[in-house]
Amino acid sequence: MSIASKANALWEYANPKKFLTTTERVLPFFWISSAVFIVVGLVWGFFFTPDDYKQGSTVKIIYLHVPSALMAINCWIMMLATSLVWLVRRHHVSALAARAAAPVGIVMTLIALATGAIWGQPMWGTWWAWDPRLTSFLILFLFYLGYVALWEAIEDPDTAADLTSVLCLVGSVFAFLSRYAVNFWNQGLHQGASVMRVGAVTGTDTEEKVSNIFFFPLLVCIIGFVLLFIALVFYRTGTEIRARRIKALIARERVNG
Amino acid sequence: MTLTVTNLAITRGGVPVLEGINFALEPGKALILRGPNGIGKTTLLRTLAGLQPPLAGVIDGAEDTVAYAGHSDGLKPTLTVVENLRFWASVFGAADIQSALDAYGLNELADRQAGNLSAGQKRRLGLSRLLVTGRPIWMLDEPTVSLDRNAVAMFADAVRGHLGQGGSALIATHIDLGLDGEVLDVGPYKAKPKPIDDFDGGFL
Amino acid sequence: MPDLGKYADTVLSAYAASLFLLVALVVLSILRGRKVRAEMEKVEKRMSRNG
Amino acid sequence: MIALLKRDLTLAFRAGGGFGLGLAFFLIVTVLVPFSVGPQSSLLSTIAPGVLWLGALLACLLSLDRLLALDWEDGSLDLLATAPLPLESVVTIKALAHWITTGLPLVLAAPVLGVLLNLPVPGFFWLVVSLALGTPALSVIGTFGAALTVGLKRGGLLLSLLVLPLYVPTLIFGAEVARRGATGMETATPLLMLAGITAATIALLPFASAAVLRVNLR
Amino acid sequence: MIALLKRDLTLAFRAGGGFGLGLAFFLIVTVLVPFSVGPQSSLLSTIAPGVLWLGALLACLLSLDRLLALDWEDGSLDLLATAPLPLESVVTIKALAHWITTGLPLVLAAPVLGVLLNLPVPGFFWLVVSLALGTPALSVIGTFGAALTVGLKRGGLLLSLLVLPLYVPTLIFGAEVARRGATGMETATPLLMLAGITAATIALLPFASAAVLRVNLR
Amino acid sequence: MTLTVTNLAITRGGVPVLEGINFALEPGKALILRGPNGIGKTTLLRTLAGLQPPLAGVIDGAEDTVAYAGHSDGLKPTLTVVENLRFWASVFGAADIQSALDAYGLNELADRQAGNLSAGQKRRLGLSRLLVTGRPIWMLDEPTVSLDRNAVAMFADAVRGHLGQGGSALIATHIDLGLDGEVLDVGPYKAKPKPIDDFDGGFL
C-alpha cells in the first residue's frame, strides 16, 4: 500500500457509519484494558509502594494527579487536531469527536486541580497558590468551559462546529501565551520537570534520578488513563454521531410532513 | 449581467428546503417568487445574495452585483433619514442620494431620526437604499410590507425605472405589486427527503 | 490497608474525589449513550414505517 | 471604510453620550474598590495599578456585547456583508471604533483615577503607557468574541466567558508594567511583550473575526 | 405569575446554560484579580472578602441589561402590560427569576472562589451569609435600573452607570460583614443594616420599577 | 362590551397626530382603520390598548377587555410554538390552546422553536395568541404582514369566528382582508397645528 492510499484509508474512518462499526468492535478492548491498567496501577501504587520520607503517604496522590494532568493537556491537543481536520477537510466525525472530548477534558482538569489542591494543603500549607502550573491549569479549565458553553449555545451543528473550531484554534494560541505570561509573572512552588524525574519531585532522590518504586506504578496508571480517554472519546463520539443523526432525521421528517 | 441558477439546492438550519431550481434572470426583467409560507423564499434569496452557501448547484453572475433587502431594513434609529441613506451611499461609492429621497417621497422626512418614523416610513427609507447601491440585481424579500397603496406605487415605479436602466429584480412577495414580470412558483421545488438508510447523507 | 499515617484523610479524600469524578464521567457517558441510541432506533423505526 | 468609522462614532455619540459611559463605569469600579476592600491608603496604593487595569478591562468588556449585536439585529450586518467592503475591514473598523469610544477615554482618564487610589507617583506614566499599548489588543480580542457570539440571544455573558481567558496575557503584562513602574523596577521586558501581543492580535485576529462572522451570518 | 417565573427560568436554561454563565463571570473576575494585583497570598487574603463581593456585584450587573430588554425588543412587554397581571408583580417576578439564575449560584460558589483568594477560614461562613442576604437586594435594584433604561439602545453601560451608585450601600455593608467575619470581629451591626436594606428594597422598589416601566412603554 | 371613543386626540413623541376621533365599536362588529403611512394608526391602537395616555378625549370600555397585537409578535425564539402559546394562555387564564393551534394550522409546527420559523409562520403563531386571551376586543396592527393567501384566509376565519361569539375587532391594515366591516379612514382627523402664539399649548 502506498503512503497516499494509506492516508486515504485513514480518512475512511471519517465516514460516520464506518466509524461507528469500527469503534463498536474495538471499544470492549479499550474499556477492559483501561480498567485493568488503572486498577493494577492504583492498587500497586496505593498498597505496594512505600511512603516517601518527606511527603509521607501523600505521595500516593501522584498516581491520580499526574495522569489526569497529562490527559487534561493531551485532550486539548487532540481537540485542536480534530478541529483543524474539520476546518480543512470538513469531516463531521472529527468535529463531533472534539465535542465529545471536551467534557472528558473538563473532568481530567478537575481531577488534577482537586488532587493538587488536596495535596497542597499538607505540603504547602495552602489549598491554592498562584503558582504558574496551577494557574495555567485554571486558565485551561476556563477555556474548556467556554468551549463547551459555545457548543451548547449554538443550535445549528455545522455552525457550532465551525465556531468552536476557530475558538479552539485561537484559544490554543492564547493558552500558550498565558502559560508563558504566567511563568513570567510568578515563579511558583510547584515541582517543575517531567515525569522522568519523579524521584526528584518526591524528594527521595535529590540527585534527580528516576525512582523506580514510584515510577512504574505511575507509568501503568498513565497508560490506563490514556486507554480510558480513548475509550471514552470513541464511545462519546458515537453518541454524538447518533444525536446528530436523530436531529437530522427529525428535521427530515418535518420536511416530509 | 444575467443571473443564471443551475440545479440549485439550498438548506436552512441544516435541512434541505428547495432543490433543482433553474432559472435565468436577464437584464431588464423582473422575476416574482411565490410560494406558501415556509417554503424557502427567504432562504433562496439569502443564498443567491451570497449570505449562505448553497448545498448544491451553481449560481452564476451574482458576485458583487446583488443588492439585497431582507425582512429588516438595517436602519439606525438614532441617525436621521439623510444620514442613514448617505452612509449606504458612501459604502457603495455613490454620490447622489437626492434622487433616492425623491423616488420615495422622503424629502419632508429628511431630518427626522429613523427611530421616530412609522412602520411604512421606515420601509420606504429601507427601499430607497437600493437606489444608492448602484447594483444591477435587486433581491427583495417582501418589500412592500407595511406600505400603503401610494407607497406601493412608488415602489413599483422605482422597480420599473431600475429595469428600464437594464437592471433586474428578484422579488419574493405574497401580494400583487402591479409589476409585470415572470412568476416563479417555488412550491414544486420543495426538497424531497433522502432515503433514511443513507446514513452519511443523513447528516444533512 | 496500608498505614497512611497522619495524612490518611488527605490521601483518602484525594482518591475518593478522583474516583468519584471518573466514575461519574463514565456512568453519565454511558447513560446518555444508551438513551441516544434507543432514541435513534425509535426514530429510525418510525420513519421507515411512515416512509 | 471611513464612512463606517464615522457612522459608528456618530452612533456612539448619539447613544446617550457614548464616550462617557465606558469611562463612567471605569470610574465607578475604581470608586467601589475602597468601599469593598476598606480605605487604608497603603493597601490601596499597593493594589492601585492592578485595580486600574482590571477596571479598564471590565469597562471594555461591558461594552463589547453591543459592538456587533446591534448591527446584527437590525439587519445592517447582512447588508454590510453584501456590500463592496471585505468583512475583514468591517471588523477592523468596528474594533477601531470601539477603541476610540472606550479604550482611548480610559487611557486619558486613568491618571485621574490613579489619584483616587493613591497610585505612587512614578506609576502614573507607566500606567498610561501600558494602557495605551494594551487597550487596542482588548478591543481587537473583544471584537473576535463579539463576532463569535453575535447571533446568540443573551450572548452577553457567554461573550465574557469566552473573552476573559483571552484577555489574560494582555492583563498580566499590562498590569505588570504598571506595577513595576509604580515600584520603580525595570519595565522593558513586560512592555515589549505587551507591545508584541498588541501588534500580533491587530495583525492576525481580524481574519479570525471575519471568518467567524461569515459563519454566523449564514 | 408562576407561568411567568417558569418561562423566565426556562429561557435562562435554554440560553446556553443560563445558570452557569453568571457564575462563570464571577469565577473569571476572581481569577483575574491575582493577575492584576500580583500573586502574594497575604495581600490576596486581605482583599479577598472585598474582591469577592465586588465580583458578585459585577456578575449581577452584567446580566441586568437583558433582564427586561429582550422582552421589550420582541414586544412581549407590551403584551404583558395589557395582560391581566399588574406590572408590579411582573417586575417582582423578573427580579426573582434574576436572583434564582444569578444571585443564588453566586452564593453557592463563593466559598470555592474564597479558596482561590486565600480567604481566611472564619470568613467563609460570613461571606456566604452576607451574599445570601445581599444579592436579593442587588437583583431588585437592578430590575429598577433595567426598567429605567429599557427603551434605550445601548442601554447596557447607562444601566451600569445608574445602578452602581444604588449598589453602594449594599456593597458597603455586605463587604463589611464579610471583612469583619474574616478577621473575627463582631458582625451584628452591618448584618442588621444589610438585612434592613434588602427588606426595604424588596418591599418598596417594585412599585418604582413598575411606574418607570409604564412610562417607558408609552 | 361596547368600546366608545369620544373626541379623542393622541400624540406620538410629543407631537399631536390625530384629533377629534369619535366612534363606537359594538360587539360582533369589526372596524377597519385605514390611512396613509405615518398618519397615526399605530399610535391610535396603542392609545386605545392603554399603552399610552390620550392627549384629550374619553375612551370607554377598553379597561381589561383589549387584546393587542402590534408590529412585533412577542415570541421567544428559544421556546417552542406550544410553549410560547401556553405561556400566554396561562397568563390570561385560558386552559385550552388546541383550538388556537388548529385555527392557524400550527399543529405540525407545534414542537419547533419559534426562532426557527419563517416570517409567515411566526406571524401565524403571533396571531394565534389572540385566541387564548379570551378578551372581547381585538386591536390588530397590520396583522397579515408576511402571510400567504391561505393564511390570510385562516386569519379572516378566526376574526369572523370571534365576531360571531360577540367579540369585536379594530384592525389597521393597508390591504384587503376579505372581511366585511365598517371602514374608518383616519386621514381626515389629522391634527391641525396649533396657532404658534399659543405658548402653553405650544409645548404639545
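The chains carry the letters A, B, C, D, E and F, assigned in the order they are written, with residues numbered from 1 in each.
Please note the rule applied: a contact is a pair of C-beta atoms (placed from the backbone, for glycine too) under 8 Å apart; a residue touches a chain by one contact, two chains touch by 3 or more.
If you're wondering where the values come from, they're calculated on a predicted model, not measured in any experiment.
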Intersection of the contact lists for chain B and chain C: A
More contacts between chains, A-D or A-E: A-D
Distance from chain E to chain B - Cα centre to Cα centre, in angstrom: 45
Distance from the mean Cα position of chain B to that of chain A, given in whole angstrom: 48
Chain E and chain F, separation of their C-alpha mean positions in angstrom: 37
For chain D, residues that touch 2 or more chains besides their own: 15, 73, 152-153, 158, 161, 164-165, 168, 172, 218
Residues of chain A engaged with two or more neighbouring chains: 139, 142, 145-146, 149-150, 153-155, 185, 245, 249, 252, 254, 256
Touching two or more other chains - residues of chain C: 44, 47
Interface residues, chain D side, partner chain A - complex: 144, 148-149, 151-152, 155, 158, 161-162, 164-166, 168-169, 172-173, 176, 189-190, 193, 197, 205, 208, 211-212, 215-216, 218
Chain B - residues contacting chain F, complex: 13, 35-38, 40, 42, 71, 116-121, 124, 142, 145-151, 174-175
Complex contacts: residues of chain F adjacent to chain E: 49-53, 64, 66-68, 70-76, 78-79, 83, 87-88, 90-93, 129, 133
Residues of chain A touching chain D in the complex: 139, 142-143, 145-146, 149-150, 153-154, 159, 162-163, 166-167, 169-171, 174-175, 177-178, 180-182, 184-185
Touching residues on chain B, where the partner in the complex is chain A: 13-17, 190-191, 193-194, 196, 199-200, 202-204
